[in-house]
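Next come two complexes, and both contain subunit A; in the first it sits with subunit B, in the second with subunit C.
On to the complex of A and B.
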């Protein structure tokens, strides 16, 4: 709802607004929906002035169409695919995280979502040398763990510090601070980053369900509206700044007992790709996980890949190295 | 006396302008928009394809193939006549940043390649062909229902000045449902005000310019209130009209405002079916329209280069 005020555009002064208010027109939408001829006859305003103001308001507030060919050119040059560092996960995601899209990781507690986020962040900051914004809502961010992961990649202290500096952490604990943080990023930091030097290529929110699920349910509409606003902010950030967004979500069971992502039907439309993480069944304490692709616009669904959280960059084991791994595990 | 002259002058001025507006409308009506009746006979009922001024609602939960079907229909529209396309310009209004241009281009390239196999090989390169097809598509992003309304007003000029524009796609018209509902407070009228204005404007656009409108709506309301927070009954009479299609799924209750329900002429319900023997997911659609009786059902797979229909009845 955009309220008509004087100064909102040239040509609108106080008498103009008063004349419109006598016809019960207080917002821009009401004004634009009215026929200017009828309005000119009812109020004492000139037809020309009404048409001119209408044109200026439309030019100010509408979104403009872009030709498909131009959009395609822009996308070809701007879209990037960020490898996660883990070949199995990359295969599942069709070579990695795509910029301009939201990818979702779901899984029950302990399935490794935060560890996967860490590994991906470390890979992007160290291997690809790009900045990562990490929004932590569960206090799960642990810089020591990041350092540990970097130490397995390179023994050089300077490189480790450089990579750590590229991961910027924001702590928010409720949905309003999350919205404020996202809006602040959109209007300040991301613009500065894209002009300045280092480019931000990834944004992670771990986890989005921690702040939203407490707002849902009951009879109030506020929770759903906030959910859609968070979704809108994430999508705008992803598209306008060409960033890959990775969010984590919890799981619930549906009517048939199958696992499905949390936050309900309305949220389920938001991510473009969804991966479900699960522990491997018979190994309670191991670091093996399976990832199942449950939603994708590029690959057939229900592809499953297995990987090891501790050995992130290694290929999926073949039968030879499998035996070696078994031997390693049987050691004390 | 003075006053009457003044009024007569005003009337003349406005009458002239009114005539000029009608002139443009008249011209675009005489030239006629390209008919989209046989855009895809597999999913629309026989003799019930979308004619001029029809509004088709694609309804389904997430992952049921609505956007894929839209890409399929868009490629059919923007391809040149030699490749069995319709050469109709399309405006795509994207309300939730869902539009995937790269996916559309891969579907388009697949269709162009397959239609060109038997024919002439000395054509322009595939890139040129893709670009010329994409020139017939315009994409607009809207991020609130107010912006959607104002953009539709702006697009009215585009429709009256471009007679080759035959199709308007809104994906999806239900994205602002929750935000509007919260902003409207307690009164349903306030909550639905923006969408009602959009629906009335769309009604005017389709009647004056004869364009076809496709709109997707997400299925977010359950039929039976098992989830007390989410489902509210939005007016029983709106859902009665569409009960002829047996509601197989839990999620096909119409929940948008009545002004929108009134202008919809075809409704297509998308569901995920079984998984076929060669491990491919089968999707199915059920199309009902106010002009024909019965339900037209169809199934399809989603492949690398678009959708492939499995069987028609």
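On to the complex of A and C.
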């Protein structure tokens, strides 16, 4: 719904708008759905002027269809696949995070969601030399840990600092600030970035449930609308700027005590791929995790891969004590 | 900055009327006068004034910066190095936590009754006041007590031990000067105590915290002992409890980041029965587990007290032993200081989701 204002089209001036308002026509939709002949009679405006304005408004505001072949060409040229830095996770995600899509990580506290986000950010900023936007809602961002991960990839200090500079962190703590941040990114920063030098290839939101879960449920009627607005913004950013969006979500238990992802059914349709991270029970090293694919449009669901959180600090571990080295070598 | 009207922090009824009148983006509204807006949208005059006030505040640099300012990870690294952490006087725990309880994050301490949560909180409230030249933060502390377990005499014991410890350490003149000011009376007078009797008082206190913290910018630690107690008894609607707790957690994290303080929360334990086995898990539900940035679980193993770091964004999981003495929270006597790597290897079960209690019960 766009309000009729002076200047959105040549030929619309104040008297024009006032005359239309007296007939209760305030928006472009109202205007184009009216019959110009009747309108010319009621408002005492010239028929020619009305038809001309109508044509311009229709040209400006209608959506045009695109052929499937064009869409496919666009997809082939614009989509990129970003590796997560861990081969088992890449296998699970069909070689990595796809741009233009939303991927979701969910899991119990301490299951490694933030660590996976860190590793993806470090991989993209260091290997691929692209900028990463990281929206942190829980103050879980720890630059020290990023530095640790970078130190296992390269001993060169300058490279580490350069990679750290490519990761931009936004700290927001409630849903309205999150929406403001996303809308600002869409209208300003991303445009600048795609024109200028380093392009942005990934956006991470950790976590989206921390800001939304307190707004849903009970007698609050705004929660769903805000959830859908966040979903809409993330999807628009992913599609328009060819960015891979990674979000984290919490888990709750359903009636039978099984784990399920938070934020309910409506949110479950938003991400294209969903991965559930869990600790491995009875493991000798407490850093093993399993990743289960719970929703995917490319692979069979319920694929499970095991990976080690220490993968991203392996070399550092082996240098601490000789005992560790033997254990790493004996692992398959 | 193009903000859509549905995303503005206004009352839902006002937003519905604005959208029905055709306003889609904030820039449509920003040039209007209250009376004009009142007539076009059909809202009352006060609501119109409120809407325009909010839009104008939003355009101001401070608010805008909060939502759109980004730091690069490099800036964040420098900031983190400057922030520091609060020592616990148990060197094994300090190593496991990476220096101590971090400033700018929320830490949750869970444990069965009597294992030492309140002792650790009181120790932290004293330790935050250690002067900067001794390696501390030199800040004040706010202690929100919901259970009534705060004992001043115990804090006096701990404070005396800290002063004695610093006296032994003092080497140069700067340290000796700072030591003259560090007395038990000063430590007690820099500790603010609030007593909350139910969850409404607790929520109100957290809402009032930003004003309190602006008046007392030297506060570096906020302890809530415990956050579980007011929410566990007498709460019929569990989903409302989850919502309130999540909202509370986000407010606390916002305070921790904006005012550079450490927030420490204490939680209780509850039993979960699954597959015919019972396990001790932290209380307040599954989604509360996601609320705090770091989680420390204190538990018994026979007669030993152990602390496990269960969830942390930067530290590896570790279990260490500690003890409570007359002077407060300290290292366990016999155990030599374990390094974080070998403690993860040598700890008994290596698996932190199985609590030692379960072996006693099963």
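Just so it is clear, the second predicted complex is superposed on the first by the 300 of 332 C-alpha atoms of A that agree within 3 Å, B and C clash if a C-alpha of one lies under 4 Å from a C-alpha of the other, contacts with A are read in each partner's own complex, and residues count from 1 in each chain.
One rule holds in what follows: a residue touches a chain if its C-beta (ideal position, glycine included) is under 8 Å from a C-beta of that chain, and two chains touch if they have at least 3 such contacts.
Note that the coordinates shown come from a computational prediction; the quantities given were computed from them, not determined experimentally.
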Considering only touches as defined above, state whether A:50 meets subunit B (first), subunit C (second), both or neither.
neither
Considering only touches as defined above, state whether A:203 meets subunit B (first), subunit C (second), both or neither.
neither
Considering only touches as defined above, state whether A:213 meets subunit B (first), subunit C (second), both or neither.
second
Which of the two partners, first being subunit B and second being subunit C, lies in contact with A:124: first, second, both, or neither?
neither
Between subunit B and subunit C, whom does A:142 touch in the aligned arrangement: first, second, both, or neither?
second
Who does A:291 touch here: subunit B (first), subunit C (second), both, or neither?
neither
Between subunit B (first) and subunit C (second), which, if any, makes contact with A:238: first, second, both or neither?
first
After lining up the shared chain so the two structures overlap, which partner does A:222 touch, if you call subunit B first and subunit C second: first, second, both or neither?
both
Check the residue A:252 against both partner chains and state whether it touches subunit B (first), subunit C (second), both, or neither.
second
Subunit A residues touched by each partner, larger count belonging to subunit B or subunit C
C
For subunit A, what residues appear in both contact lists, the one with subunit B and the one with subunit C?
1-2, 216-218, 221-222, 225, 229
Listed in rising order, subunit A residues that touch subunit C in their complex are 1-3, 26-27, 108-110, 114-115, 118, 133-134, 137-148, 161, 164-174, 176-177, 179-181, 183-184, 186-189, 207, 209-211, 213-218, 221-222, 225-226, 229, 250-253, 257, 262, 279, 281-287, 310, 317, 320-321, 323-324, 327
Sort out for me which residues of subunit A touch subunit B in the complex.
1-2, 28-29, 32-33, 37, 40-41, 47, 57-58, 61-69, 71-72, 75, 79, 216-219, 221-225, 227-229, 231-232, 235-236, 238-239, 264-266, 268-270, 272, 295, 297-298, 300-301
What part of subunit B is in contact with subunit A in the complex they form?
10, 13-14, 17-18, 61-63, 67-68, 78, 91, 96-98, 100-103, 105, 130-131, 133-143, 146-147, 149-151, 153-155, 158, 175-176, 178-179, 181-183, 194, 197, 201, 218-220, 227-230, 251, 279-281
Using the touch definition from the top, list the residues of subunit C that touch subunit A in their complex.
1-4, 6-9, 12, 19, 21-24, 28, 58, 66-74, 76-77, 79-80, 98, 104-106, 237, 239-240, 242-244, 246-247, 249-251, 253-254, 256-257, 274, 286-287, 289-291, 293, 295, 310-311, 313-314, 316-317, 339, 341-342, 344-345, 350-354
